[in-house]
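In this document, chain identifiers A, B and C correspond to the written order of the chains, with residue numbering beginning at 1 in each.
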Amino acid sequence: MRDVAVLSFAQSTAARETERNEVEILMPVVREVIAASGLERSRIEFTCSGSSDFLQGQPFAFVMALDAVGAWPPIRESHVEQDGAWALYEAWVKIQTGEVDSALVYGFGKSAAGNLGDILAMTLDPYCVTPLWPHADSIAALQARAWIESGKGSERSLAEIAARNRAAARSNPHAIVSGTETVDELLSRPYVASPLRAHDCPANGDGASAIVLAAGDLARSVSKRPAWIRGIDHRVDPAALGVRDLTRCRSAELAAQKAGVARDKIDIAEIYAPYSHEEAILREALGVPDTASVNPSGGALCAHVMMSCGLQRIGEVARRILSGEADRGVAHAAHGPALQQNLVCVLEGD
Amino acid sequence: MVEPVKSIVTPIRLEYDYTPGRATSRFLRGIAQHRILGQECPSCLKVYVPARGSCPRCAVPTEREVDVQDSGTVVTFSIVRVPSENIHFELPYACASILLDGAGIPFFHVLQGLAPEEVRMGMRVKARWVPTEKLGPTIASIECFVPSGEPDAALETYGEHT
Amino acid sequence: MAELCGIVGIGQTKLAAKRVDVSMPGLVREAADRALLDAGLGWADIDAVVVGKAPDTFEGCMLPELYLADSLGAPGKPLLRVHTAGSVGGSTAIVAASLIQAGIHDRVLTVAYEKQSESNAMWGLTISAPFGVAVVAGAGGFFAPLVRGYIRRSGAPADVGIRVAVKDRLNALKNPYAHLHLKDISHEMVEQSPMLWDPIRLLEACPSSDGACAMVLAREDLAQRAPTPPAWIHATAMRSEPTMFAGRDAINPEAGKMAARDLYAKAGITNPRREIDCAEIYVPFSWFEPMWMENLGFAEEGAGWRMTLEGATALDGDLPVNMSGGVLSSNPIGASGMLRFAEAAMQVRKQAGEHQIEGARRALGHAYGGGSQYFSMWIVGSEKP
């Protein structure tokens, strides 16, 4: 395998973008990430993005995003209808083929332009489940309830996770919500979908994020301390909730194993967990040690821009490695009802 | 033998708050004032209309606003005979790529005021606006384009836009 | 250095206006089962699955690959979902191939599909954003002005489009999977069919189909052991350009020319017309055959229509084009690009039955999408590159 590193990361998140459209949000993010990479735009050989037409409410919504990246002369480009983390995976594969040495990756979406909880009902079995219109919070609550009933945690554990993320988010300028509430204060609030309360559910927002990748020597030539991708893997579980043990996440376990999370120490973990209980399930599945700092950004609970959020997790880990703040970390992205699909990326500094 | 279920109908209704964006908002505000605003690329100096805030060719933001004319040349066209629920023009009708005078990129709209078979490339046309009191921030403020009566433009003047 | 990748299994469903006999999982499963059967492999032999389809809004299922994971044997495996507009079937195959070429996986299943009958794709294509006016219905309204521009620019005789339409429908009669089997197709029949988006007539346009296509790709040593000799991937290329910008040539787009140049360079081809035995290209409206002949470098600019007129693109011509009947005979949008790529592979594997080109050793598969701005293509051969 070729050595591939993250050179730079940029992001934009907001509770609601009522003035800028997707291209206008994306353009400065792309400019910033390229400038920070140390590579000229013309030296970036591949571009890959992740987005969802259902978030924008129109087909081929990603096409306009080409305006933001400067696709002239024509570029080698691809798009996944998945989170930007999977776009990063495709770009990493492309670099592995030896065809290119560098890539621009971005993910974007407006999770707050429609009612995300209702829109996500469209990801379920279209014949037998979608017609019931289950809200995303309700699906998550089923999993949270199963987790609590299994004895792995309690509503108090959920509140503890939420409180820690909200406190961490206070130092993240890209967070949409943050707070200093005590666990008891959070527990006194009403349910949204029992056992989940509002702070156990994601703060949906609009935004974009981008990363520049480069292979071995090219990365070393422009960066003193690139964030090397030491392992990356993704797996999917069956769709139907009834056939899965909801108290654990097998596809995340498998991806973590393949990505080599346990091979060395972990300083930091950024986990895509838009619901409190998901962080606990995933922490166990990924094998994140107690000593690691988990979601120092405040995570998806405090800023959830679907289609960008997973790429942001990779970016948040990479950012801390690039700055020397951390040496080795794990980033995680998820998709689908009750954590059906999971991607794990291990990053390391020299 | 159970009768097979061959299809089910699930009505879907999702609501979105649509954001045209800053550049398009400025364009639409212009339309409400009977103006067609384009934006000039600082690099290649082409005028985009409607502007989307950037020049996709040069990948730079476009900020300088320029008025373009509401008259132009038919660059290419199609006669549409296919109905669609979303379209309220009477069939058949002509839709055309129109290079507005002062613009660097053609603009798509409907041509009326002549028989479809009379439409031709190079034809000069002019916007027909809704009455002033009905002007609003929507492209529908331009009802359609109609022939202006000027002589046809030569292919060299618009050929690169076909 | 990239690993060699071979296509060892190919499967497609019967393409039809409405496949009410199968659900969406049933449709993709039908194609995947056939590809595995062709490869002599079982589900456990597959390491990863790559799915492609056009906009999710077409069936009203968001990220449908998640729901389809079970029917594609994906649980426990990596599952990727590609979407690059109309070129998606081609790009999906290219992404799947790159997983082998990068040395990451041994065998990959790739599947593309569309079940247009489950929703209203024409409506889906014409959704207009607020503050706008829906000006044209469907893709034809967008592409008809380009066709008119081509005719004007090249001086092509008016009936070239009709000839392509007849040729591809005659080819479809030899393809049992094709959606349209118009037994009495003729020049007059196309000419007299209703004008939809002038200058495009009904029979010069593609139908709307349900269908799926699947392929199994394998690493060199495994491909060599396949029950039917594999099609070897000689080269792949993808290019994109923005929808509109000042001075863009949408009739002969630079992205397509650039992708073709890159493709031929990688495959060591200097004279594509002579060195490629047949081509299966994305022609949703008949006039796109001559347009793409020029864009792909098979003809000089402005001379693509002569190839059609001279019969060069017929099954017995020097460069047969769209042997399967092409998109003009079957258009399950998301799968259409992969069907082109698969037909090229079937030709060099001698699996094309009645539409087999004798002695086809090297074939081109091509797809495009968006406003003629996304291009993906590959060259496959019966011999290793």
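By definition in this document, contacts are C-beta pairs under 8 Å (C-beta built on N, C-alpha and C of every residue); 3 or more make two chains touch, one makes a residue touch a chain.
What you see is a predicted model, and the numbers here were worked out from it, not measured in a lab.
The interface with the greater number of C-beta contacts, when A-B is set against B-C, is B-C.
Relative to the centroid of all protein Cα atoms, the closest per-chain Cα centroid is that of C.
Taking the mean of the C-alpha atoms as each chain's centre, chain B and chain C sit 30 Å apart.
One finds 38 Å separating the Cα centroids of chain A and chain B. Each of residues 54, 57, 64, 66-67, 71-72, 119, 122, 126-127, 130 in chain A touches at least two other chains.
Counting partners per residue, chain B has 10, 12, 18, 20, 24, 56-57 as the residues that reach two or more other chains. For chain C, residues touching at least two other chains, in rising order: 60, 127, 129, 242-243, 245. Chain A contributes residues 17-21, 23-24, 27, 41, 54, 56-57, 64, 66-72, 110, 113-115, 118-119, 122, 126-127, 130-131 to its touches with chain B in the complex.
For chain A in complex with chain C, the residues that touch the partner chain are 1, 47, 52-54, 57-60, 62-64, 66-67, 71-82, 86, 89-90, 93-94, 96-99, 119-120, 122-127, 130, 233-240, 250-251, 254, 335-337, 340-341. Residues 4, 6-7, 10, 12, 18, 20, 24, 28, 41, 44, 46-48, 55-57, 75-87, 92, 95-97, 104-105, 108-110, 116, 121, 137-140, 155, 159-162 of chain B touch chain C in their complex. In the complex of the two chains, the chain B residues touching chain A come out as 8, 10, 12, 14-25, 52-54, 56-59, 61. Contact residues on chain C toward chain B in their complex (touch as defined above): 20-21, 60, 118, 122-123, 126-138, 140-141, 144-146, 148-149, 152-153, 194-200, 242-249, 251.
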